[in-house]
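These are the structures, in structure tokens.
Look for chain A in each of the two complexes below; its partner is chain B in the first and chain C in the second.
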Partner chain A sequence: MINNEIIAKAYSSINYVVAVTLFCIGLYALIIKPNLIKKFMGLNIIETSVFLFIISSGLVEGGIAPIYTKTTPANPVFVNPIPQALILTAIVVAVSTTALALSLMIKLYDQCGTLNANKLKELR
Partner chain B sequence: MTTYLTSHSPVLMEIIFLAGAALTPIISLIRKKLAFWWALIVSTLGFYFCMLAAAELYRSGPLSYYLGGWRPPYGIEIKFDYLGAFAFLILLLNIIIMVYSKKYMEHEISEDKLPIYYTLVLLLVGGMVGVTITGDIFNMFVFMEILSLAGYSLIAITEERLNAMASFKYLVMGALSSLLLLVGIAFIYNVTGSLNMADISLKLQQYGASTTAYVAVAALIIGFTVKAAMFPVHIWLPDAHGLAPSPVSALLSGLVIKIGIVGILRIVFSIYRIAGPINFSYLLDVLAWFATATVIFGAFFAFFQDDLKIILAYSSVSNIGYILMGIGLISVSNPAGSVNAMLGALTHVAAHAIIKSLLFLSAGAIIYKTGLRKLNDLKGIGKKMPITCMALVIGALSITGVPGTVGFWAKWYVINGAFDSGRLFFAIAMLVGALMVFAYYIKIINVIFFRIPENLTAEVDEAPLSMLIPIVILAASCLVYGLFYINPMITNYFMPAAKSLLGLAM
Partner chain C sequence: MKRILTFFILFLLWLLMVSAVLALPPIGSETTPVTTHVIPRYLEQGVEEAGAENIVTCVILNYRGYDTMGEVTVIFCALIAVLAVVGREDPKLHTSKVDLVGIKESVIVKSVVRFLAPFIMLFAVYIMLHGKESPGGGFQAGAILGASIIIYTMTFSYELALSKFFVKVRTLMEGAGPIAFFACGVVALFYNQNFLTYIIPGLDPVTQTAMRSLMIEIIEVGIGIGGGTVISSIFLAMEKVEK
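Moving on to the complex of A and B:
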């Protein structure tokens, strides 16, 4: 039986629950699916889950951007901008990895005639 | 002028490669073949800056450079310390391999692709230098990605049939391990609120052990062992390193997998520190056991291969096992007594880089001349290409650890480390591994020298001079360093490096 305490805890840290779930879905696709494009989509889902995890860990409830203006309240609660900067860099990296992987897949299909991992294993 | 260059040398040796890579396609608009000379000039300049920094390190200890004048922990720091001095070896080997690759790559790929090749090599080397000298943990991740992406593309640059598949396999494993690194870095950031390595180290000592810190180190170590090709996660390596063009194999096998080792050393010894709050004894134990499996299985799988370069690739797996063994044998409670193990790991990083480059380059010269790569087709090649094959034999003897070669000293120190910690099992495992390695290199030597040629055409002769000279230099350095220069190298560089990593007084 699941008691209310666990549900409340899961709800309060829903971002982490979602990130872990996405990670598992991605890992499942990466390992089980024979099609290389689906495998790579799994990897992209894992990437997304990691980004979600990091960026949501930087959130402060009711926080504002760390910029001082005339309208900034006396005791401001700032959100840490570094996780966002990190994820922006990581997204760029992920995009280039995806681009490279897709172009490799085109080449692979030209050379081997299939994108099925099980059939590719027999080619060696 | 020189003092100005020296004070900026850590950042210059990084920037020159990134800028050089970006400019290569523009330079080669003039003439495609200029790309090689441009890449050679960039590499030589990078090596010159590295020499300035290394001289400064020798004279007055580690250099720090603050990008844009922002002081750490807020700005990005570049640190040329004893581990960062691995960049010296990277840049030196890069020049040798680049000279070799001129003829080889003209033969292997079409002229249109030459600028792409040199751009990617410069990016790869720039990434490697970046990972070794950076003082910022997220910067390390970014450089790791630069070098990985360049590496994936370099494997797929030829039109061979299975290269794209090998590259894709490497890409999936590499991308997953990079994500693990990112998760680890995020956890460390969550604990300490800092990305600067020195600052993280201080704060970890202050805050003490926590579950998050343990998870972070686990994610980072697993990520780096995939990059370094430890036994169960080595499956990408044989295809990737075996099928890539030979100069690329030399770069990947000689240097890129060592970057994973550098990462592990950075995380465990210079960020977390083994004397710190986190108990590393279990992790190092597990590492030693996996290293045993890596040594044995790497050598075991190599038995059943008949492709010369894939045998060499499996031998890389086996040798990574020796390096990891050296790290795994360090005892947390008695760092002063584990200097030998650390010394062995560091020496083998350098020794294997030289030897494996030599082996891949000489195998490449044979493939360049004959177009054959199966051992059975290469019977009696030693009579047609005596210098290349003698170099291959010197490399084979070095890697098995015959006394007098550079490979012997590395294995000697690791085995001494096993005796120091009183764990005889690991010493025996290493000897068994060395015997197995010896067996399959004997097989190679037997085939190339003592069999009657069958498939070789009469006109096969020695490789061109621009390929032969790098091979001879590497072969000579295996012997010269093993026989004469090993003691000065160890007292001047490896010993201080091992002691500073273990946190001992010099």
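Moving on to the complex of A and C:
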């Protein structure tokens, strides 16, 4: 079932495979860990894997950064600017959601004294 | 048991997703759908049309200006939500847990931070102003600026940081990103052009490009100042405890 062709294909798109693996690791943390902060760290790992996936799709073989300078050659090959722009904005949104979630957790810890999801379920 | 079951299901999901990504075009080829539609136009005409040598800045602030404007508003809304949940800090009432416990940083850390903090802020200003023609821009500058304020607060005391970065001044600066974006975008509306196109008809092309570059620069500065103060305000509001 697994032959040399599939291994070569996986090696050529190793970034995608790593992104998928990171996604599964983050999902595992999100499901298994009882601590809310650890759950949110899992969600952040998932976000990072999506960033890696999208930014990898913008690579062009032999491309340079999409900036016109004095040393840019005549017919330049640039990498794709759109995934970079998308991820640049997505990172900041990730920071915003993290800040909001952490502030909610601070308030929750003040009120209930625990961040364990199983204990919080029993509290009502 | 639950762990083993979850692991098994996630392994099946992993196999499914790996088989899906292996069917995608390989990384680095020029013929993937991602690189074929609008990218050639952006790369060839971006400098004239959008007014920045850095094509990523062109895409962020001009071609996809609506996206970025909404996203700057998202940061601002995150700050408002955090302040609604935990509340704004008050120098008279609040201090940080580190100050209460009384952990003393070593002399080496304090000296290095005292020496480096101004240069980190200077670097943030450099990144902010050079987003047009080199890697950088408002968001990165905001992150560096916020990080410098955070490292200052962690090393010295919370009260010292509050006496340097006043609440009232930060309140005025937090909205700088959306305000700069809206102010520059709305100029074109007065000349019957579309929102966020930065077009002023009746100017010769050179002046028009210069005008557009100036507006992009203003937006970068606004995003940088706004982002930095928002990050530091979120940090300072979450760090506080009652005295």
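In the analysis below, the second predicted complex is superposed on the first by the 117 of 124 C-alpha atoms of A that agree within 3 Å, B and C clash if a C-alpha of one lies under 4 Å from a C-alpha of the other, contacts with A are read in each partner's own complex, and residues count from 1 in each chain.
Assume a residue touches a chain if its C-beta (ideal position, glycine included) is under 8 Å from a C-beta of that chain, and two chains touch if they have at least 3 such contacts.
Because the structure is predicted, anything quoted here is derived from the model rather than measured.
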Chain B versus chain C as contact partner of A:82, first or second or both or neither: both
Which superposed partner A:59 touches (first chain B, second chain C, both, neither): second
Touched partner set for A:37, first chain B, second chain C, both or neither: neither
Chain B versus chain C as contact partner of A:50, first or second or both or neither: first
Which of chain B and chain C A:7 touches, first, second, both or neither: neither
Touched partner set for A:17, first chain B, second chain C, both or neither: second
Chain B versus chain C as contact partner of A:107, first or second or both or neither: both
Chain touching more of chain A, residue-wise (chain B, chain C): C
Partner chain(s) touched by A:93 [first = chain B, second = chain C, both, neither]: both
Residues of chain A that lie at the interface with chain B and also at the interface with chain C: 53, 57, 82-83, 89, 93, 96-97, 100, 104, 107
Interfacial residue positions of chain B with respect to chain A in the complex: 138, 141-142, 145, 149, 152-153, 156, 159, 161-165, 167-168, 171-172, 175-176, 178-179, 182-183, 185-186, 189-190, 195
Of all residues in chain C, those that touch chain A in their complex: 2-3, 6-7, 10-11, 13-14, 17-18, 21-22, 24, 26-30, 32, 34-35, 38-39, 42-43, 47, 53-56, 58-60, 64, 67-68, 71, 74-75, 77-79, 81-82, 85-86, 133-135, 137, 139, 227, 231, 234, 237-238
In the complex with chain B, residue positions of chain A that touch it: 30, 36, 39-40, 43, 46-47, 50, 53-54, 57, 82-83, 86, 89-90, 93, 96-97, 100-101, 104-105, 107-108, 111-112, 120, 123-124
Contact set on chain A toward chain C in their complex: 6, 9-10, 12-13, 15-17, 19-21, 23-24, 27-28, 31-32, 53, 56-61, 65-69, 78, 80-85, 88-89, 91-93, 95-97, 99-100, 102-104, 106-107
